[in-house]
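Dropping the structures in below, format is structure tokens.
The two complexes that follow have chain A in common; it is paired with chain B in the first and with chain C in the second.
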Partner chain A sequence: MSMSAQISAPEALNTLSAGLILLSAFAMVATRQVQGVVRYFVIQSLLLAASCFLLGFALHSVHLYALGAITIIAKVVAIPWVLKRTLARELYVRREIEQAFNIPASLLWALLLAIVSVLLVGPIMSATPDPIIRINLPIGLAGVLIGGFSLVARREAVPQLIGILAMENGAFFAGIAIAADLPLIAELMVAFNVILIVVIVGLVARNIEETIGTTEAGALQELKEEPVSWR
Partner chain B sequence: MALIAVVFLPLLAAFLCWVPPLRRAAWLISVICLFLDLILALDVAAQVISHSRVIGIPRWIEADGLSALMLVLVSFVCAIAALFAGDYMRHGKGQKQRTWWFYCASNLFAFALVATPAMADPNLVWVGVELITLFAILLVAYERTGSALEAAWKYSMLTMMGAPISLLGFLVLFWAYRSTGAHAPETWLTLSTQAAAMPPALLRLSFLLVFIGFGAKVGLAPMHTWLPDAHSQAPSPACAVLSGVKTSVPLYAILRLLSILLVSPTARMGRWMIVLGIVSVAIAAFLLLQVREYKRMFAYSTVEHMGIILAAAGMATHASDFGAVSQMLNHSITKSLCFYVAGTVLVTLETREIKSIRGLLRVSPFLGATLLLCALAIAGAPPFPIFLSEYSILSAGLRGGHGLAVAFLAALIVLAFVGIMLQVNRMTFGRPDPSAESVGAVPTTCRIGVVAAALPVVVFGLYIPGPVHTLLQLAAQQLGGR
Partner chain C sequence: MKQTIAYNFAQVLFVLAFAPLYSGVLSRLKEMVQSKRGPSIFQPYRDLWKLFHKDQIISSETTWIFRITPYLVFITPLFVTILIPVLTDYPLVFAFMGDMLAGGFFLALGGFFAALAAVDTGNPYGPMGASRTRMVGFLAEPVFMIVFFTVSFVAQSTIPYIVQQRWIASPAAFFSPAHVLLLIAFLMLILAEGGRIPVDNPAGHFELAMIDESKGLEFSGRDAALMKWGGQMKFLVLGCIFLNVLLAPWGLAQGRAIPQILIAVPLISIKLFLFVLVLLSIETSLAKLRLFRISEFLGAAFIASVTAMITSIFFAS
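Showing the complex of A and B:
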């Protein structure tokens, strides 16, 4: 029984891009430098945009071309620029990221999450013959979960913020397959929302740096349900 | 027209507050715009009562009973909060040059809050809920103290982690909708007409993802840890909005999705919602016994109420849905009153701790009496509206055959009642410290705000006006119980 019909060249390239997106998610977990994390995020966003263009070509969807363009403008151009403007010191002066797990353990966790996401969508996969969805949905979900893991495991502002954005990339990568004709207004608003996340969270991170002197989120421990010392 | 104006008026107000020559008048601008917004929202509600559906921009901005109820609640709480803020912000320590920024941020926040229930496209509801989260960060971080920034950071990380998860949920929902072959634009209305034809597995996956993502924003246990921090560190007028309506708007989205699941016979999740709701109520009830700050106490009580509403919606009968929307209404008006009172206490006594306040009734009869009133109201004592809605939820649960759930809920509600009243008793009665005898006068706009917010709390416990009852009925119908 042959499941697959003809797989076109753009679809095959999309599969390649999916693999690279997963790889960049692993790279983000394994990197110890703030700048490196940002660089892998930009690469991942470029791959996402490439997938948008490929699928746009395959499905004859102007929509996905637009989404690819939005992704490049928002995540490859605007977000790194905003990060440089608000948190330059964080990006360039800072040394290594403090992490709850060491790198091999983190990679194992990431691998585990990738397997979990394949298992999670398994029952749904059996219902859909669409080869693009069969690639994009599990990889996208894995991107979301691994991004979430890097957010939880890291204790510093910029890598945590990038973790959220990487999660968003994962959701979008699944989205271009399952919701290709989402209204353009919704897509624009989502992209705008992503930029706003960076601006506002970046500002808070800068305030934290100015007030407390560090952006190690692990150092934030005053608010608890213990006796609080109020001056 | 009124509906479009309701949505965009707060955005205009935010812009006006930002214009440099007008910054001095930021308070006045906010109060005028938000009260106008409240009047327009009431007009929308009146239209909904007579036509059952109001359309601003077809397929984008529409309102039915549930949306209209949320619009009225949000604009009411935001308007009173703006009024209350006048003297509160003037009395706050430092930061006086930046108060325009507070009004600007809270108007943006109000904009996101009113826009979300008016959106007909579920994807834009996602955008709206995310905007609410983002603008709330500005308010939580406003005071720029170490603990305010810590609260803002924890809040933003915990709640924004949910954003991509719920986005994926909404995309799966869109996929499920398209897979029925429907070509009409996706709105809440078309979703509910197509729900029976959607693949149940996709509906469930979508709901699960949205529930995880938005549940964190609602403050449902175990994702509630940010809530007491954020709700105690923000300036009190912002807390009133945060606790009173900001938690119910994401819950509104969850309930909408839950009602779509109800249409499909195999995708129901009611039982799980009851269990998760009770877990939230339980965690909040036990934490209420050991809180040390009164603003955190009211924040935990929000977790409790969100759990009750979720459990009520999970029971999915028409009576329990009516209880759920009444509880939403009563929670909003009562919890915002609590934070106005707490804010006034904070600004006059300058302490956040429960144990350093004694004999408030003697120190300041106005504060003592209002604190006692709002605590009784929020804990659910008989002549107040929360008692009525909690009672109707419990009796609807019994009639729907959820005896065990009702028993748990009733026991935990009593426990929470005891927790709140123990703390408030210590604060209001007894002999005050001699040093505390001389406190500053209660600021004027704070006093007016507290009285204005207390009016519906007192009135609705004794008598629910006809139009309010009709609106609640219309809202309950949207939840789809039978």
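Showing the complex of A and C:
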């Protein structure tokens, strides 16, 4: 087996965190509570930062250390804080989220997407012997696809937003393996963008919530002049 | 040869002797977390002693199934014990008699007869608990299967001793995503099969909400003691498989000298104690799931195990 080739300790730990990142992606699909979704996103971002530091150590790259620091500042600290400031009620009041599929069905979809990503990446895999790419690329792609799926399947504003952010996390995880020396400015811009997205979506969702009384996207199908009583 | 047979029986003795203590420690710690004092950790031994000295009443309506069930429930975990590494690192004499799948079937055999015996009595609560256990069982079965398939794929074998050596030999395999997912799936499986908290409340006394306990309601005296002891041993054996074969294959006796076996006993007890702390944190932080949420719980375990299988096949190619 090619996996049994000797790998260093940071690489082994990166593999471990890759498994946990995939698991937290599944957990985000499986949770009903808005707060839980945010919590799993924070865990995933922490694992991502850990991966950055580990790969930075393995590849002797200062960029990756900086990326890890940016990830922690932007995704572990700033985003939950912004969400709490703009959407506190939404975060703590909402319990059961309306979903397009029930939980086992959406988990099966997530599983299917993970398989698809593994199959898609397969041909590239045979071209590279690099163990880091072999781990990060398929799992990063799975993260992107599962995040995209929760964007479609969820019907609440905050979980949809977290879906977008999870997609970004997945792309990031694949990215640190393929292009470890990406200019720092690009990553800084992405981190800034992500925070801006959260601020904008948070404010828009808060406005919608104030006028209509819900942020359930599935219910926002008709245009009405005046605030309607919900259900 | 004689020595390995002796060690094999030492493993059986270990499981026999420590299963009540294991449950006692868990329940005592749980009570302490809930700011109660709780019974002594040796209470399960006293309970067994008391039950063995009580009169036994068997309904005249029951058949032979009801009479042999306690013995089957008691003996099946012991059969599994001789197949798995409990104390030693190297295969013992019966190790190649059956693989992990055989162990699963042994445990399922005990569960099957326990369910039959519950129906046999005609007590209204027995069949209800039995049908619920079957529901949990058939949801857990595919997870069991896929966990074993994945393990056999990674280790090229389903013999527990060889699987364990595989994790020690290859750190890359140990840290692979497949292994992490496998561990999560198997932990969820232990919680479901052992009737622990997110699935079933072992401390509950309300018959309508029981899943696992209600099957034993009709047993008395020696039969009740055997059922209870068997359940505790099953839980310990599942914990041993999880710890010694999958999660932490260290601390087992590597040599054939008797002192090494004796040192292995406290080392494994420490591992089991740490595992009890993990179970404790799960049991005290989660609430019991509603009955129809159990399918979601085991569905998640299934997804984790299938993902483990896919990634293991993929990363090996």
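By definition in this document, the second predicted complex is superposed on the first by the 217 of 231 C-alpha atoms of A that agree within 3 Å, B and C clash if a C-alpha of one lies under 4 Å from a C-alpha of the other, contacts with A are read in each partner's own complex, and residues count from 1 in each chain.
Simple rule for what comes next: a contact is a pair of C-beta atoms (placed from the backbone, for glycine too) under 8 Å apart; a residue touches a chain by one contact, two chains touch by 3 or more.
Note that the structure is a prediction, hence the values are computed from the model and not measured.
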item	value
Three-chain arrangement built on chain A, chain B and chain C clash or fit	fit
Which superposed partner A:Ile43 touches (first chain B, second chain C, both, neither)	neither
Which of chain B and chain C A:Leu23 touches, first, second, both or neither	second
Which of chain B and chain C A:Val82 touches, first, second, both or neither	neither
Touched partner set for A:Ala69, first chain B, second chain C, both or neither	neither
Partner chain in contact with A:Thr211 - chain B first, chain C second, else both or neither	first
Contacts of A:Ile139 with chain B and chain C, given as first, second, both or neither	second
Superposed model, angle subtended at chain A by chain C and chain B (C-alpha, nearest 10 degrees)	160
Partner chain in contact with A:Leu59 - chain B first, chain C second, else both or neither	neither
In the superposition, chain B vs chain C on chain A residues touched	B
Touching partner for A:Leu108 - first (chain B), second (chain C), both, neither	second
Which superposed partner A:Met189 touches (first chain B, second chain C, both, neither)	first
After fitting on chain A: smallest Cα gap, chain B-chain C, Å	19
Doubly contacted chain A residues - partners chain C and chain B	none
Of chain A, residues touching chain B in the complex	121, 123-124, 127, 140-141, 144, 147-148, 151-152, 157, 160, 163-164, 167-168, 170-172, 174-175, 178-179, 181-183, 185-186, 189-190, 193, 196-197, 200-201, 204-205, 207-208, 211-212, 217, 220-223, 225, 227-228, 230
Residue numbers on chain B that touch chain A, as the complex places them	60, 121, 123-124, 126-127, 130-131, 134, 137-138, 141, 144-147, 149-154, 156-157, 160-161, 163-165, 167-168, 171-172, 174-175, 178, 185-186, 199, 201-202, 205, 228-229, 233, 287, 290-293, 296, 351-353
Interface residues, chain C side, partner chain A - complex	170-181, 184, 295-296, 299-300, 303-304, 306-307, 310-311, 314-317
Residues on chain A engaged by chain C in the complex (per definition of touch)	1-7, 12-13, 15-16, 18-20, 22-23, 26, 30, 103-104, 107-108, 110-111, 114-115, 118, 122, 125, 134-135, 138-139
